[in-house]
């Protein structure tokens, strides 16, 4: 994967939903190519909106957002799809087509690079299939390639979702609470998969988390959001408990920690 | 994470079963197309023909027939209503008797076979049988809808009764309740919303069916539609079709709204408990 | 019993009584001789003699009639199969078109839904009767009538199923840069497939039942024969036809149940 990973530059980005809720309130950020960033905050703090805004699932109300050198606020539908094709996304609920096979789910990651007629007939290029196999091998579940997604456990489903993102050959991976539905050992497995993607492939990775210890263990940089604003932006190493208490607006409790 | 150079793909599972189903379905469809006697050349001109007739029907509808159309629609709706009411009155005890635990097995299975037979025979054939006794009158329509309603309402009814939570039934039995009391206090409260919903739904079906029954001459909007189709008075046919669509859609809308209210009311009550 | 503090009775307890009252009044109107269905026992008694002999004929099927029923019966089945097949081809894309998750455009969605609501409110036999007048007697108007009726049902049920499905997988497809068409083809179709197969089988069952009577208005199949035997009051032959319909319907219902259990 020789492609250059994406950097992100946000200036005063505000996102207001049609129902009037302000999800992001004047966010300014610079994320360099190849960084591993953890975004923390309580639910409703805007971290999910931030990730969705970065790949254009949520439109920007004001401000400018540059992802991989392209200005999101001025992209046309086709250009936006091309950009999304370079950004892998991982969801809390895995978001697999549960009735489809693991392979077909991973091939969803090739949609942006596949002509419509091939999708229609369901005949993918051999190299696309090869990419999908390799992605599954990377997350260690190639053995399930022919199985129906619904027959897999939660951890396996999230690995398929990671393989789907990997098969996009992404330059940026966005993960929205990727381990919130998983048990602790599986959660650590998925988080280390994400860290290896960042370290071995050099891909920029942004992960939303609400658990303090995971953010400390797997990120190098920490961004804290509260009520749609950045309240902390710095190295994870410098983030003391006081920092987390400021982000959460309360003291750290047992439920903010995954444990092992 | 080193780039995997060589890995073995697990063997692809056999798709023989699916392929077999595919072949059988294809064979059946091909046989159907091959056996049917249709002038396929006509198919090409069919869309243009249908458009031409649609134009004849709806470009200048003949509204002078509207009053009679409405009267005949009322006849049809009457048949549907009477069929539904008679049907539910008869089906209610029958569905109890055919539910497990309320009657001896031979009665139960006899009734279930009866419901099955009724549901398998199209209502228009039932009407043909009944008209030999009652003649070509709206009563024939109402009675045949009664019979078909018994078939569906009876089946839905016993399925619903068998799905009732056994707890309340046991509670009434434990309190020394008789068979009737078990039904009144153990079964009836839990099945009422579903039953009312079934009745309304069956009424919607009967409204459509009553229009169809007109085709054999028992009166109503279907009867009128066949006559004017045979006279090829397309502007009138257009009006009749509009009346059928509007009346059916309105009845569906009202009945559907009531059904939704009843079933949602039931869930709210459920939550209260 | 003096100091019990009873909460106020909930209002609305009279509603069921009002509903029953309304139902009784409407039923009375529909049964009144002036505006309603005249319920005359006289006529039934008068007809009884004549009718009873026909009903009696029903329990004595004319087995010798059997060979003549086979070709129309096969035509009926062929009509049902063809209509189901074509309807299934047309309905899947229309279902995707009619569901909000797979077609975000409110206007095109509204158009499809409205058209299908209209199509669904006309019964199959009325279609057949009008179509026969348009294109002539035969299996073709019957198939077209079944087709219209089927598309209405399948699209309604399948599009409702799509709406009830999780939107997450579709969002994942969008996030991966897929077009709406690709997302619909790869993800929505996979998730809607069980509902689609289910509805198609259900429609096949309906079609077998419906196609037996379409011939009553000239649209081919067994119905043509039914019309003939009924004009000659050959209820012994009608009885045989009813038996055949019963057997075929029950066989098809069971076969489709078996397929459903396997596939879904």
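Some points to look at:
Letters are used for the chains, namely A, B and C, taken in the order the chains are written, and counting of residues starts over at 1 for each.
Please note the rule applied: a contact is a pair of C-beta atoms (placed from the backbone, for glycine too) under 8 Å apart; a residue touches a chain by one contact, two chains touch by 3 or more.
Keep in mind the model is a prediction, meaning the values are calculated, not measured.
Ranking every chain by how far its Cα centroid lies from the centroid of subunit B, the top place goes to A. Looking at which two chains touch through the most C-beta pairs, you get B-C. In terms of their C-alpha centroids, the spacing between subunit A and subunit B amounts to 49 Å. Chain geometry summary: the mean Cα position of subunit B and that of subunit C are 6 Å apart. By the touch criterion given at the top, residues 133-134, 137-138, 142-143, 145-146, 196-197, 199-201 of subunit A touch subunit B in their complex.
By the touch rule above, subunit A contacts subunit C in their complex via residues 55, 57, 81-89, 91, 93-100, 104, 107-109, 111-112, 114, 116, 119-120, 122, 161, 164-165, 168.
Those residues of subunit B lying in contact with subunit A across their complex are 1-4, 7, 9-10, 12-13. Residues 17, 21, 28-29, 31-33, 35-39, 42-43, 46, 49-50, 53, 74-75, 78-79, 81-82, 85, 116-117, 120-122, 124-125, 128-129, 132-135, 137-139, 142, 208-209, 211-212, 215-216, 222, 225-226, 229-230, 232, 237, 241, 244-245, 248-249, 252 of subunit B touch subunit C in their complex.
On the subunit C side of its complex with subunit B, the touching residues are 23, 26-27, 30-31, 35-40, 43-44, 47-48, 50-52, 54-55, 58, 74-75, 77-79, 81-82, 85, 117-118, 121-126, 129-130, 133-135, 138-140, 143-144, 209-210, 212-213, 216-217, 226, 230, 233, 235, 238, 242, 245-246, 249-250, 253, 259, 262-263.
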